[in-house]
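Two complexes come next, and they have one chain in common, chain A, joined by chain B in the first and chain C in the second.
So, the complex of A and B:
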């Protein structure tokens, strides 16, 4: 998963509400690739940055269906085709009796694939990734403008973040 | 904005940094004598458990009281008991999440830990109950050289294999996903290299990017949505182990909801038992797990206790109403007045009578009272499974087929010892993992303190 790290400019905030306001302004200024870093999911931050709704539920739904199909097919094939055994005169394909296992496999496939997708989408696991400030997982918040941003000018970005109320602005060589 | 006054969920005048410090403290300081004392006691019990289980496996199931006609005993009773305990953790972490119950954030982590450890403890029992645990892989449908001979997918016991293993897997994954941001917090404030490496690995390199949080919250919601029907299905399927049979007292349609209500009831009993102790052990946690939190859980105990009480009554009514002499015999004679009547009335006292104390606000908010009641609930719910399993089996259709459960020393050792395993795991957990979810508690900081109520001021979501 080792992706190349990017350089950029980061501004630190101490209040989550200020961060949300600042993010909306950064977005209004035309930045699209910037990111915010927060120790907890901040209410309203996604809208302020313009992050689109996560598409992971589609994976969950598809894999849930796949799990259900696997469960049903497994039971059908083993009980009715590979070695049919008469149990109490029930039909070989005893649909009602096959519901519990089908249901459990639906949940299992859906849950595990959602988490696996999350891990892949977030580029995890990462070994010792560079961080902007150790307090960003505790009580500080940050906005990071990467060099990949169109028309990126570190001096201008620094100035801009400072004008939005960042308590501290620093250039980051690797993030 | 709503004008209804909310009670604060976090007491004291705290900042985000204070929350991090408070919750990380037990992990970053050396445990005191109290914790070591408890750990050694729990370990001693655990050791007894290992020895008792080893003796049962080496010698055979004959060491336990199972015999004819009572072929299901301590192993099944205690399995259902522990699985049920786990359900409260999932209720708190998943169902209350879907209901947007903010108070759940303070207790969710420990309740989920309880779930995971209870399911681990529970899972061992049916494996030993098979009598030849070294052949337990036969429970899985895998291609084998015996035909291949497949498992019987029409059997509730096989459904149970799938239900419990799925439940264990999904609960652990849910628990772990919730811990990833907190592991990153510990990693970033680690003072020693070793701690940094261990928690860095556990955190998977999480950095708290808003884009990641967006996916993360969605997955958390999905897992909550998936765990909710899962947890209901698990105890439903456990109840099928009984209900799908044709034994009087087992063959009833009320079993699935009755078992689920009982599971939540017993689980909350265990959560209250554990959290009263956690509050004593870590006094700073009293600001997070407040009396208000405990009171809400006691209300749930009372509500589910009433549901369970209703189920007990309903069973008697239906037995009478059915006109079936065997059903009537099981309830009106065998359970209420038979040789196991003492266990039935113990159950009624612990599960139906004791929680009635919680009608009074004073008792709901009293730590000693709730601790004692929660212990009663734990005892009562073990007896419920004892009553269901043993009284139905020991006197069925033919009086010539009657007998008693031959309770032995090993039954006691296995039952008591299993608490050693559970408590050992829980005590270690308290020192290794943040026992309150740091990332989930922080957004609740402003709830009930005026100002923004945990939300963006003036935001469109300000109303609740």
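So, the complex of A and C:
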């Protein structure tokens, strides 16, 4: 059976400020694929890890424009071409009357495609990922260095995390 | 916890000093404005009063928005806005002058409001039916009551905020919630009626139940534009260091973008219902504004008051770059003028889009008074309420991505 999850080395921290400092050092040491796990949002963590801004907003914007075009064309085709209906003597293609539906489809396409993109990109849903430490949901923090990292050496990574002040180091494996 | 609170923040925001240049600037504005209005009153009385109304309404909006901003932040118990709140509060220092400007406006009611004409009110059935509301004594009472209430709330909300600078009394922060809830309720009703009285009744046949909301949307959108300009100005002077940074600008810009969208939503709602229902007593308002030179103004509202600022405020960097924000804010402030002009001037001339030295002068007059009022306020009071118990939260405010 193929491996479902990436294995690697995890270090546990008890203080969020220490975590941010350690993350910056891990990044400086040349690691690029590592991640941090925290029970709540920690200010400055994204910068310390070197996470760049998500590209999903561009998907949202593009799909919003696509939704607007679909909404407008749908109404144009149904009420002016396929089955023209005279409503109150107004033109068949009455832009003001079409704005609400166009707006709704803009939002619908933008919102649904953002969520769908997020689910696909993050590989959700993850039902049974290996648990590093149950306390990561309440008061502990972790840095996870995956095996996919270039030049990955679990012993070296363990040593490195310990030197940064990890209170505990674990090998996370999934076979 | 002790009743008095000593702030853990010991950053000095600096003291604002009204520079000679600023003083000269607003004095010249007021002087030119007086000249233009005096000349206008002699030459073309009706047009002068219309120019006056646009300017008076524009800046009365600003003063009210400052109070409304302080109030909603107290109601929400907002932490991030504490270090910029005083700038919003400074806008309310124009409120007494706004009251005076509307008392003066009463002298020009005959030039502005056709319903003041008794003969017309008798012969025109639609106006006759509205005289119970649209009559001069009741109009004066409403102006006085509205401004009286607003000034009272200014005293309560801004007054106790300034008092807290000295005492550091935490109970003031708790009391502000009550004052602010009361003000928000009073403001909703009084501002709706105020905008109906001063702008909608220019055309007494016309009615739109969303009018007050439309005026409010423009009020709050333009307020954030002015707010950002003043904040960036203070930051450029080297003030507010360590207290206000691009994260606060980011949130102000988000507010501005949100109310740009809100403005478009309300403007379109008003238009679409009137267009769709097609009732003659409503449609003439838009017909007037699509004829002659007015179509260009109407189109500019959609493009330059919504579409362009919306797209310019969409990216994250745009909301964190002061120079870019200044550009968008100036655009919005210009379009707010066009918007109020668009509501007022077709009453005077349905064919042409009247704009000349008289309108510029009237606007400069009120702009001068407004700048004078807020700069004096900022020079007299600390520019950051450092003893607010939530100031620490504002200092560490970060907009995450």
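Simple rule for what comes next: the second predicted complex is superposed on the first by the 170 of 175 C-alpha atoms of A that agree within 3 Å, B and C clash if a C-alpha of one lies under 4 Å from a C-alpha of the other, contacts with A are read in each partner's own complex, and residues count from 1 in each chain.
Following the convention adopted for this analysis, a residue touches a chain if its C-beta (ideal position, glycine included) is under 8 Å from a C-beta of that chain, and two chains touch if they have at least 3 such contacts.
Here the structure is a predicted model, which means the values were calculated and not measured.
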item: Combined model on chain A where chain B meets chain C, clash or fit; value: clash
item: Which superposed partner A:46 touches (first chain B, second chain C, both, neither); value: both
item: Touched partner set for A:20, first chain B, second chain C, both or neither; value: first
item: First, second, both or neither for A:7, with chain B first and chain C second; value: neither
item: Touched partner set for A:126, first chain B, second chain C, both or neither; value: first
item: First, second, both or neither for A:97, with chain B first and chain C second; value: both
item: Touch count on chain A, higher of chain B and chain C; value: B
item: Clash-bearing segment of chain C, relative to chain B, as chosen among 23-31, 59-67, 95-103 or 185-193; value: 185-193
item: Residues of chain A that lie at the interface with chain B and also at the interface with chain C; value: 41, 43-44, 46, 53-54, 88, 97, 100
item: Complex contact set, residues of chain B against chain A; value: 15-17, 19-20, 141, 147-154, 156, 158-159, 162-163, 166, 169-170, 173-174, 177, 181, 184-185, 187-189, 200-201, 204-219, 222-223, 226-227, 229-230, 233, 237, 240, 438-440, 442-443, 452, 454-457, 459, 461
item: Residues on chain A engaged by chain C in the complex (per definition of touch); value: 41, 43-44, 46, 53-54, 61, 88, 96-97, 99-100
item: Chain B-touching residues of chain A, taken from the complex the two chains share; value: 17, 20, 23, 35-46, 49, 51, 53-54, 56-57, 60, 74-75, 78-79, 82-83, 85, 87-88, 90, 94, 97-98, 100-101, 103-105, 107-108, 110-112, 114-115, 117-119, 121-122, 124-129, 131, 134-139
item: Sites on chain C touched by chain A in the complex; value: 268, 271-272, 275-276, 278, 314, 316, 396, 398, 400-401
